[in-house]
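What follows is a pair of complexes built around subunit A, which joins subunit B in one and subunit C in the other.
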Partner chain A sequence: MLRVLRWSVLVAGAGVWAGVLVGAQAMDTIYTYVRLSPTQYQHVIHDIFGRDIVVPANAVEPGVRDRGLLALGGRKLALSGAELERYNLVAWQIAAQVVDPARRATLIGCTPAAADAPDEACAAGFLGRVGPLLLRRPLTDDELRRYVDTARAATEALDDFYAGLEAALGRMLVAADFLFRTESSTPDPAAPERLRLDAYSRAARLSFLLWDSSPDAELLAAAGSRALMTEAGLREQVDRLLASPRLERGVRAFFSDMYEFDKFETLLIDSETFPEFIPSVEADAREQTLRTIADHLLNRNGDYRDLLVTRDTFLTPALAALYAVPLARSQELGGAVPWTPYRFPDGTPYMGVLSHVSFLSLHGHPGASSPTLRGKALREKFLCQTIPPPPADVDFSAIEDSSTHRTVRERLDAHRTNRACASCHRMMDPIGLAFEGFDAASRHRTTENGAPIDTSGELNGQTFTTASELAVILRNEPAVTSCVVDRAFSYGTQRMPTKEERGWLTALATDLRGSGVTWRALMRRLALEPDFHTIPAADVRAER
Partner chain B sequence: MHLKIRKVDRRTVLRGVLQGTAVTVALPLLDVFLDDKGTAYASTGAPLAPCFGTWHWMLGLAPGFWEPTAVGAAYELPPHLAPLQPIKSKINIYSGMHVFLDGKVNQNHYSGAQAQMTGMVSKNGSDYTTSIDAIVGDHIGGRRRFRSLEVSCSGDRRSTWSSRGENGMNPSEISPLALYTRIFGPDFVDPNSATFTPDPKVMVRRSVLSAVADERRVLMDRVSAADRARLDQYFESVRDIEQKFAAELERPAPLPSCTVPALDEEESLGTHVEQVRATHRKFATLLAYAMACGQTQVINLSICGGGGGSNSLSSPGERKVHHSLTHEEPLDPALGYQPKCKEYAEISMGFLTEFVQTLDGIREGEGTLLDRTGLFVFTDHGDARVHSMQRYPIFTAGSAGGRMKTGLHVKAEGDSATRVGFTLQRAFGVPNSSWGTESNETSKPFSEVLTGLAG
Partner chain C sequence: MVHTATYANADACPVGGPVTPEQVQLRALMRKGLSEEEAKASLEDRDPDEDLAVDGNSPDRPEAAPRPRRRRPETGNFPTRAEDTEIELAGGRYGYGFNLNGIVERGSFEDPESGERGVDNGMWRVLGCFEGYHIRKPVRPYSENISFDTSLDAMPAWLMWVSGEDLSRDGPVTVTFDRALNVAMRNGLQGLLGGASYTIDPNPRSHSEFKGYIRDQILTVEPGDFAMAGDSQWFPVLRLLQARVRFRIAPDGSFDGLIGGYQPFKDFFHFLAIRGEGLSQTNLPGVYYAMKRLAEAAPDPVTGENTAISAAYRMQGIPAFLMSKTGEVVAEAVGRGPAVNSTAMPEYETDTPGAQRPAEGSARE
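Let's turn to the complex of A and B:
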């Protein structure tokens, strides 16, 4: 490990560091913690031990959303007793599968001299191999010794070598350094306001951004040789990661977070009012959009902005029934496959991801559409604008009464006459009303309570008459690019950009608008940017 | 959301439990009995441990229609509280109190309940700190398998108000079957069993957790100041689980009121009233017996919509759920309230009655489980129709082991709603002189509901 100057030397005369010194003692290296997300946890286990290892559903909590992203909340999350109880249970379930007789030959890599006695060489071989992959850094000799000791003690207690390995692996899987992504950093001699990640933390930040998983052996090796800390070495690894099929997992994880797809877990559409919205539609809807995004951004190398206007997607029979379109079932090896590539015909109302169930139904009520929630989601998810919640003690029940206002537009027009509501509803409702041609279940419609639906409106001075026309306007809205760039940076670093970083993020967005907002270009620019591999010193001070 | 689960029986769940070293310990006959009153162990004289719980429902009650006119014991239940009549003598009603935002943005359906559970209102909807159940639990908690148990009745794991430390939310269990397995599954040790067989695998798991806990000093020394509290919370949680295993390795004291409840054949999770009713009923039974069997002293139940959850009660075929109705149903000009919202509120009050009766139905000598329990009952808004932070309906149930009087209506016009939580802390002997922040800080318990036994 690189020897750095003593912290006390670097901070001489720099009062700004006082908070760091208090919290971390006068040490060279600062450690911060970010909790693994549910998909990261699953991908790590599958990458190391194989996809046939069952990771129980809901093994890990999604956490809290902070300023638009669960990833930002991950830097705030603690781990409660109830959560750790579950983590511990899952850890032992995974460990038991790894040492299962059917997998031993493949995963353990050695055979003990006796199955009912300790074999420290075999245990050390296994734990020394999986430890760095799980903890994302080499184990110290002392750490490995402790894990081997755990294996030995458990073997002796249970007269079973593999039960001993199971215990040591279980211990590793509840270690803080596994459940939290530990980022170690040192002061940047050239810029005292920031800390630079060490090589292993840099590797982890790259792999979790691009693959939604921990570094593989090659990336860890690049960190170990410090090649990753050189411009050429970093570029080589970034290009390798971008060329991997695992990139799709990174895309899916990012957009699941940015578009708040965790809300699917509690999505409720009333199945008596909307019989087409069968239970499988929830999972299908999420997958439809993620599949469309992955295909568009990775297979077609498409522009992110074109996701708003593309008519290309994938459907299942259940989704096709909801969208009321004919779907020729794909056949493969004599059987039907659930997903079929589909292109909504020109002139039909379905165009772009804003016409997907994952937008229209996710932001609404179980039995009724909500232009306000749709408008709010559009502003927040696609333009990165913030809409404050309504103030307390404002009475709007009278203007919500559907007996006096037949359409939602009439009710919302009344809403905007209320001064307390107007400032925010003026931002949400006009663009949300563009989607009133789709009901709560995302079915197309032209009337509401017998009255014709008016989907016209204007955004930033540009008028539209349909949701498709609004999508075209949005596609060319500069904020759409700025938003995805900012979100990608915050997602990858799991922190907000500094004022200085906002400067180059703005420049990056400008560049991409000209050259095309492609995923690989965006990821490459972020991953190669030195600021991406830093932590602001102010962030590691105690805030409370 | 629909979930069907096949029938399970206790024999299936317990299959395999009696493996490993067979260490059989006969119980001394004397220990099997409690004292004459059933409130203390005959062998030691130690009283049965007090229990604390929270019970949350969403969207409040119709303002002006639930507050009793008289204060003290001689009050009549208003018609909107009619479902509470069977438990009137077991509860207290608190009226007139507010949550103060102090200029912060009102995070609807969040800030008000947050203040009542933690004493503070945060700037946004993601900063949440230690809740009252953790405060009281830390004070009363002996060695129990579960430091606390959290459940949500509407299928949303994020529907919880329980937290230890900064953003250390305890997610809710949503499946009664999962909770049953967690409490009464293979690792459950029946306190009334004649034999006791510690599981060597549990011993190993405990020692593993001890090894993890031993890493505390090294990691705490190096962590950044900003993350110190979070890492500390992690090690607190490690200690919780280590303690759970330790409890499973000890022969428990006998508890005659403890029986393992039966489990229904299947479950259907969701927000429809009948789904929630069935789920709530099962959770009430499981939580009650978890306490009666000495598995925990702290429980938290949310009907729906708590913390990160957003769902409210609904009815099949109805286009508008309870939440939508609070904003969109007109006030009936003749009645003065929203009729459909009243129906939903009555349903919630009916659930509360059933919950309290479940605790009260477990006899412990001359008393009941409810007698040694203090239950805090709260909601998110004073008037959900307008997201009001004023005039919150708040209840307590049980006498907290003789520390609280019941059957009272307490009115505190304009005071902070945190007074009720502070009163409960006092009842359980939490040694703090005040609770809450800014305008929600209080140092005034309701002395009229505390007995001489309160701390």
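Let's turn to the complex of A and C:
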């Protein structure tokens, strides 16, 4: 019987999802939809039900990257049948944990009159409380009635009140309004070419940008009272969100997306060639950079640009061995791997996030470094430049021949004699070669195949001899600030800025260069900007 | 990596050749009360698969055989309850180690690497004619290798550091051995991770210092006492009296060589006894009596009997950072060590000239 109920939910859900990526309900209200990311899904569940609820790692597909961000791809996704099934399965797993006897007292909030019979008041109390948090808006009376009816029907069928709640909650967790951020907007009377988000959609956009999670009860209340639609009310909530420890989750989610850390899922470094690159390094490397960023931007209120030159970071014993630096190990005979604050000494080659494993090894080959991929990543992720894909008939023979040319610089020089390749490689290789002092596993080196490595180059007329010198040049490159401002806007709105919006984004970048590119300042400026809470009407027409 | 320094050669065991594990088991069964015929029959008739299913033991272990008529005390715990079978002792020209007493005695070994003559290595004499030890570099004693690899993830690492005015040149140095507070870290090939950091255990029980000298990348020390706590499933302790070392320091920062001296023979016998005859592949009472006979140092103050036997161990190390418990760097890692340094079971296949492999089908666990 329970199985039948579950399938009925899935089929109903599929019916709802079909063709609702863009829809219109009332005459002037436009609905657009953005799919929750894997971390957003997890954070929402943990925020509402507690961190001990296990959310399977593969609950949500990471999606597709569009113009540099997964966030942009989130607006374009449709669901496959397999994904629907997984959503359904995960929903029931979560619901079962929530109504588990060990958690009932704290999560359900009431005790039914009889454990084997419906108790609509208790069910309505629970579902009416978690429903707005999950769907990010109040439930209508009809909606709540339907969920309570689901609970009652399941209870009667299974003679178990909590199984009934589980069924209703499971249904809520596969609702389109939970799995997708439904953005409700109306034309702006002052500027019909753009659509203004309503208060609840505004709340969701804010909380997912800043917290990587859904609005809490206070933010929903501000939306409900429409205080969020006023300048003062918006400022009050933005400042509150920026002061929360949850801000770190937002920072981590943004930079994971901007730096393409989803690539760690497929990172492969040859352990035969690089035995120091032990399996734990992959997870540690990602965490090292995210921890460094969060500490720098939030704890130290540091300038984003200084991430390129900071020697402060955090290491595990495995990372320290890879970087060949000493690190006091506090754990004795096993135990949790500790993270230790560490400062690379002056004069050592490791400086800034570009010298982290998360950059050097993520952009390379399993057995060899790749100046081309590193240069490409640097231009795309830190300067927001676009490098075209290579031609289909590219000849790699020169680049793969280490017998004639011992260093990759020599091989790339030979490769660039191909005019079809030269135009793009001229953009990527010179700056990528600056990192040749680090092999594919990110270990420092001075020779390749016995030949000394030359890491010198030039960027925008400025010469450098080492990766550290390049990092200093980049730190002062205006495009670095423009890039992070642009990306943050696109990440938060999950759309590209319009031509008009680019104007104030440019002005914002200029302001921040002068006052310091601090995370809170950037987020505050974005979140208080009216354009941030809009959708271009042209975008909606295009999606339709 | 530390293991008994073995140097099997064609002339090492002229009397009977290496003792196979099957021969060890046969004697073990006979000691437990079976006649030779019964013991042979029980070994030949057993169905290994059936034995595994019933007993959960390796079919190579005597315990899996039919129960003998009467039980006697375990030979590991009570070796003197069995008769001395006077095992064959290894001989020949070559044997690893050091001339500990300064005398080139008749029958003493010549070290095949250093050419040092008058090498004292009673331990090799005792063990060399058991098949598990009838091997030589790069093959490692199977039982020791397995137990080391098993203990590695639970046992604090052993540390050595060298200090001197200019380590890039020949000259005097100080060599210090310590135990770590941390277990060894493995690399991606399950060997030891080069460049890892370890905190020195301040407990003096595993601390020893030597005056040493580096010449042509060979590190030697003046004799002194060495002690290091190990692990219950491996060497519980390695104590060497009048110890000396001869390590070759490689450009990548690793070292490979010998440490030797007079070892309390019961320390080593403890390792064998823990492994039992089935796993150590030795005749425990025979080894015990032989060690006792060949002991040549550290007389017992009451009985006057020598308690220590000359021995040599191969020791290999990779670069590491050593730190004090308060976080100061005590010694820097120099280099990254070899790219491949697996401590896992080495293959018996080897291209090294002269390396011998045990007979097919033997020395398996």
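Definition applied: the second predicted complex is superposed on the first by the 505 of 544 C-alpha atoms of A that agree within 3 Å, B and C clash if a C-alpha of one lies under 4 Å from a C-alpha of the other, contacts with A are read in each partner's own complex, and residues count from 1 in each chain.
Everything that follows uses one rule, which is that contacts are C-beta pairs under 8 Å (C-beta built on N, C-alpha and C of every residue); 3 or more make two chains touch, one makes a residue touch a chain.
No experiment lies behind these values; they were computed from the predicted model shown.
In this overlay on subunit A, subunit B fits alongside subunit C without clashing. Between subunit B and subunit C, the partner in contact with more residues of subunit A is B.
In the superposed pair of complexes, A:Lys76 makes contact with subunit B only, with no contact to subunit C. In the superposition on chain A, contact of A:Gly170 is made with subunit B only, not with subunit C.
Residue contacts after overlaying the shared chain place A:Asn460 against neither subunit B nor subunit C. Using the contact criterion defined above for the overlaid structures, shared-chain residue A:Asn299 touches neither subunit B nor subunit C, since it reaches no partner. Looking at the shared chain after the overlay, A:Arg146 reaches subunit B, while subunit C stays out of its contact range. In the superposition on chain A, contact is made by A:Glu276 with subunit C only, not with subunit B. In the superposition on chain A, A:Ala324 makes contact with subunit C only, not with subunit B.
After overlaying the two complexes on the shared chain, residue contacts for A:Arg443 are found with subunit C alone; subunit B is out of touch. Aligning both complexes on chain A leaves subunit B and subunit C separated at their closest CA atoms by 10 Å. Once both structures are placed on chain A, subunit A residues 271-273, 279 are touched by subunit B and, in the other complex, by subunit C. Subunit A makes touch with subunit C in their complex at residues 271-279, 317-318, 320-322, 324-329, 331-334, 443.
Note for the complex: subunit B touches subunit A at residues 1-2, 101, 105-108, 124, 126-128, 146-150, 155-158, 162-171, 200-201, 203-205, 207-209, 211-212, 215, 219, 221-231, 233-238, 240-241, 244, 270-271, 308-311, 314, 316-321, 324, 326-331, 338, 383, 385-390.
On subunit A, the positions that touch subunit B within their shared complex are 19-20, 22-25, 27, 29-33, 58, 61-62, 64-66, 73, 76-86, 88, 92, 146, 150, 153-154, 157-158, 163, 167, 170-171, 174-177, 179-180, 265-268, 270-273, 279, 365-368, 388-398, 400-403, 539-544. Taken together, the subunit C residues at the contact with subunit A in this complex read 154, 156, 181-183, 185-189, 191, 193-199, 321, 323, 327, 329, 332-333, 336, 339-341.
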